[in-house]
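Report on one structure; see the data block that follows.
All chains are identified by letter, namely A, B, C and D, in their written order; residue positions are counted from 1 within each chain.
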Amino acid sequence: MYGFIGLGSMGLPIAMNLLKTGHRPLRVYNRTAQKAAPLLEGGAEKASTPRDAVVPGGIVFTMLSDDRAVEEVVLGDDGIAGRLGQDGIHVSMSTISPETARRLSEKHREYGSAFVSAPVFGRPEAAAAAKLWICLSGPRAAKTRVEPILRHLGQAVYDFGDDPGAACVVKLSGNFLISAAMEAMAEALVFAEKNNVDRVSLIDMLSETIFACPIYRNYGKAIAERRFEPVGFRLALGFKDVDLVLKTAIASRTPMPTVSVVHNRLMSAMAKGRGEMDWMALALGVAEDAGIENDKR
Amino acid sequence: MYGFIGLGSMGLPIAMNLLKTGHRPLRVYNRTAQKAAPLLEGGAEKASTPRDAVVPGGIVFTMLSDDRAVEEVVLGDDGIAGRLGQDGIHVSMSTISPETARRLSEKHREYGSAFVSAPVFGRPEAAAAAKLWICLSGPRAAKTRVEPILRHLGQAVYDFGDDPGAACVVKLSGNFLISAAMEAMAEALVFAEKNNVDRVSLIDMLSETIFACPIYRNYGKAIAERRFEPVGFRLALGFKDVDLVLKTAIASRTPMPTVSVVHNRLMSAMAKGRGEMDWMALALGVAEDAGIENDKR
Amino acid sequence: MYGFIGLGSMGLPIAMNLLKTGHRPLRVYNRTAQKAAPLLEGGAEKASTPRDAVVPGGIVFTMLSDDRAVEEVVLGDDGIAGRLGQDGIHVSMSTISPETARRLSEKHREYGSAFVSAPVFGRPEAAAAAKLWICLSGPRAAKTRVEPILRHLGQAVYDFGDDPGAACVVKLSGNFLISAAMEAMAEALVFAEKNNVDRVSLIDMLSETIFACPIYRNYGKAIAERRFEPVGFRLALGFKDVDLVLKTAIASRTPMPTVSVVHNRLMSAMAKGRGEMDWMALALGVAEDAGIENDKR
Amino acid sequence: MYGFIGLGSMGLPIAMNLLKTGHRPLRVYNRTAQKAAPLLEGGAEKASTPRDAVVPGGIVFTMLSDDRAVEEVVLGDDGIAGRLGQDGIHVSMSTISPETARRLSEKHREYGSAFVSAPVFGRPEAAAAAKLWICLSGPRAAKTRVEPILRHLGQAVYDFGDDPGAACVVKLSGNFLISAAMEAMAEALVFAEKNNVDRVSLIDMLSETIFACPIYRNYGKAIAERRFEPVGFRLALGFKDVDLVLKTAIASRTPMPTVSVVHNRLMSAMAKGRGEMDWMALALGVAEDAGIENDKR
């Protein structure tokens, strides 16, 4: 009845929550199969291909790294398109472009199945604790069936209408705002440093007062302390997301100069070989531009 | 014993709180004298010049519009320098450059008096409710005398050390981060609009989840609704503050590309005659660049 | 023996020069067939499809609007791939991405034919007068055969080696530098205007002295006079080119902040409906940002 | 009859040309006096203070490093104001802000003397060869007297009207355009490098064709070769000039995003300790951002 494809640091805990909350049988697939072990112990069934994870008329979730991976899983040789069949639903939880979401939605429609976008905000711990925030969009009937399930996976579900691309736009907007906040904090903290103000005191104050929210508190503190481990979200993935924002902005003719700043910053970090660091490490470039030598390159 | 110079929308409620909490005698001065009326009714004494507001050895507060106004009040013909005398303290609550703060501190020191920076975060309502957040820096002895008084004016006081410029750097950093967040939200909201996502739904979600703090909630909502009245903080003043950030960044050789984006945006709004609007109106320029016609110019 | 596909404002005069300099038989194709009339009168043969313009073992030139058009002509149903055969050469004169050039080169190689990049600098008048500057790159043997022909079409041919993408990189670099010069001039001219200096006097002086070259003289003068007609190069095409620069920069992880500025500027002009104006009209946005009302929107 | 103040790498050859073309007596002043030696040998008279270089009713030239130096020479204790007297003329050849030019003009007017702006384009060799390009503005009568003299110092004089600030605006515009061209070339050259195109071949082609002018040829070549010695124009001075552009732009509410890019770039170079290199070394930062390690830091 249920399938789950993509068992990375986000996919695995989400699939586990599906299992725990009784969504069975659950067929699971991952390219490197051993990741599925904890799920199989819990009673999930092992699928040998993406297609094999799908039961006609069932609901299959994907949590994959990028547009190309999702397209491959849907349209590739062992893809799920066609297999889902009448009344089947594909719930896409990855951060992908609205354009890809719309295109895949069309493909599914040709086979009588439905595509629902459900990208999430939250790190792996939040996924494990079922504390994700979930953006939702797509055809109404499918959403009605999917939403109660999603409520088991997160603390809130926000519906953005029928356009399967809409939830992707929201997710991209959110990730852009996070990256913009990190860049601005990195600039403010170097500004403070060059003007002899203690970085940690500055961010402590601001994140207790006008910016008392997790992004400023957690990211700001880590940037102030130049502490980029453990890696919560890889810079290479953050760059991919901001790149999707830029390309979606271009397609819709939306000049976004802050996106340009952050995109150039992340691209520079990639060029400097920082793709495997946490994406907060964009702050290193801000310091370097100001002539500050960083220990932690 | 106490003096207060500058009775604008922030200065007046602060002075009133001083009076209410028993800081008397309080001598008050404003360029346009009638603003002092509510204070005089409450028992304050009217000063005819800035100098006249000062009692030797006392504490005088200033809340003025910009660096020049503070310099004039300190160093002008009827200025307070020299009058404060041994043990007198000047508490500067305006948003001014750290450079000006340091220069005025030097001047006061020549006369044996002390200069303390105490710029604040919060709008007029917060000032009236004694809910300001106060940044503090300057010579230790003077701060020890001033801090208990400041606790009557705000909900928290944050000490940034001996450098009289330090609290100014913190205040400028905070205002820069607010402006950067507004610009980023304005971009994200136009991005959403051009991609057919409802602006208010987007900001509602984000400001309930990853950005659950007042700046994102209040400013984001207003920007999403293109509602720039009533005017909480004039754009011309916001431009002045970001201009101080830029100039302080230049003096300390700190490249801050996000400052450049916001500074250009606010400068454009000034050039378009929007100085008297709320500074959230910088969002109009973001929409115009994307080809969106705005009703509320 | 020869084929020419794409008879727009650049392709037509180039094809005409081929004919005049004895490169016959010349088979010509254009989507809207009537454009071919002057060539047919001159002795060219009409092709009914791109494929039909190709003689196996011959040389076919393409001058088309964008990557997609070239890909379609090569790989589409009536495309030339396969038809060119052993020893056939495809000379691509359009401005396309190096990535597309490399991919098409691969495709041709599979069939035993060669792909040579030969994008050009120069406007239609230069094409007609055989005064183009031609960038060349691709496999050596093919270039040896093609270069003497190209010398009939332009005043100079510059060889950038074996990589079929190299000449595209050069062409994109040149167009980026032109756009950056236009933006910078537009900014300098508004700066002059707002500081009460005559725009035309300013550009006259600079383009007679330190910037005595055609781009500054011609474009600068037109921007100073806000004279954007007749249209030499459509803004929509200029945006397409700078967009290719940006995307090629991204693919190679090269932060280029000036590209970001120009790209945002051209994107804004597109959003404002200026795609059919000359691309110098990007200057209108510079003036608008500075609060200057333009007559010629 | 004539005076010359400021005998640096530009001032000395200019003063020498004055002497050679019979402008005597010529009284010369420099802060470090030994610089005057070649002039004294040639018949100039040594002045012991700026004021001492002035003969009432005469013409005095200044070629100094920045606004502050010119202000000091005019208004300082040994300054020339007041000394020039009725009909005296101050010809300011330094690159200074239009605002300073206007203020000094006012000061001179109070004493009955005139202030003429005459900043120049050209490096020391051009000054020695009397090949400078000279921008001129100020009161008509004074210009009539000064212009024939300036024609002995340069190959052309361009008059920008009565406003003493106008010639400064032109000079700043020119220096901004040079810096913008350098930044754009640096970006294009790194773009080429990262896409496997030879940098020197690229700039050779472009500077022989669409950009056949000295700035692109000379600066472009040097940037392509990463050859920043000998130092023609110190980066610290270039930063000072672009900083004047930015501040003049701010005062006139002119958003100039390309200025922001170049200003941040030069500021970063200053922060990295490159102030004594040639200002073409801004190109190092472009390469570093793209992950290219530079030998020549």
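Just so we're on the same page, a contact is a pair of C-beta atoms (placed from the backbone, for glycine too) under 8 Å apart; a residue touches a chain by one contact, two chains touch by 3 or more.
None of the values given here were measured: they were computed from a predicted structure.
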| item | value |
| --- | --- |
| Given chain C and chain D, the chains that contact each of them | A, B |
| Farthest chain relative to chain A (centres taken as mean CA coordinates) | D |
| A-D compared against A-B, more contacting pairs | A-B |
| Centroid distance [mean C-alpha coordinates] between chain D and chain A, Å | 53 |
| Averaged-CA centre spacing for the pair chain D and chain B, given as whole angstrom | 39 |
| Centroid distance [mean C-alpha coordinates] between chain B and chain A, Å | 38 |
| Per-residue multi-chain contacts in chain B, two or more chains | 253-257, 261, 264-265, 268, 270-271, 289-291 |
| Residues of chain C defined as touching chain B within the complex | 257, 264, 268, 270-273, 285, 288-291 |
| Complex contacts: residues of chain C adjacent to chain D | 98, 121, 133, 135, 156, 158, 160-161, 163, 165-166, 169-170, 172-174, 176-178, 180-181, 183-185, 187-188, 190-192, 194-198, 201-202, 205-206, 208-216, 245, 248-249, 252-259, 261, 289-291 |
| For the chain B and chain D complex, residues of the former touching the latter | 243, 250, 253-257, 260-261, 263-265, 267-268, 270-271 |
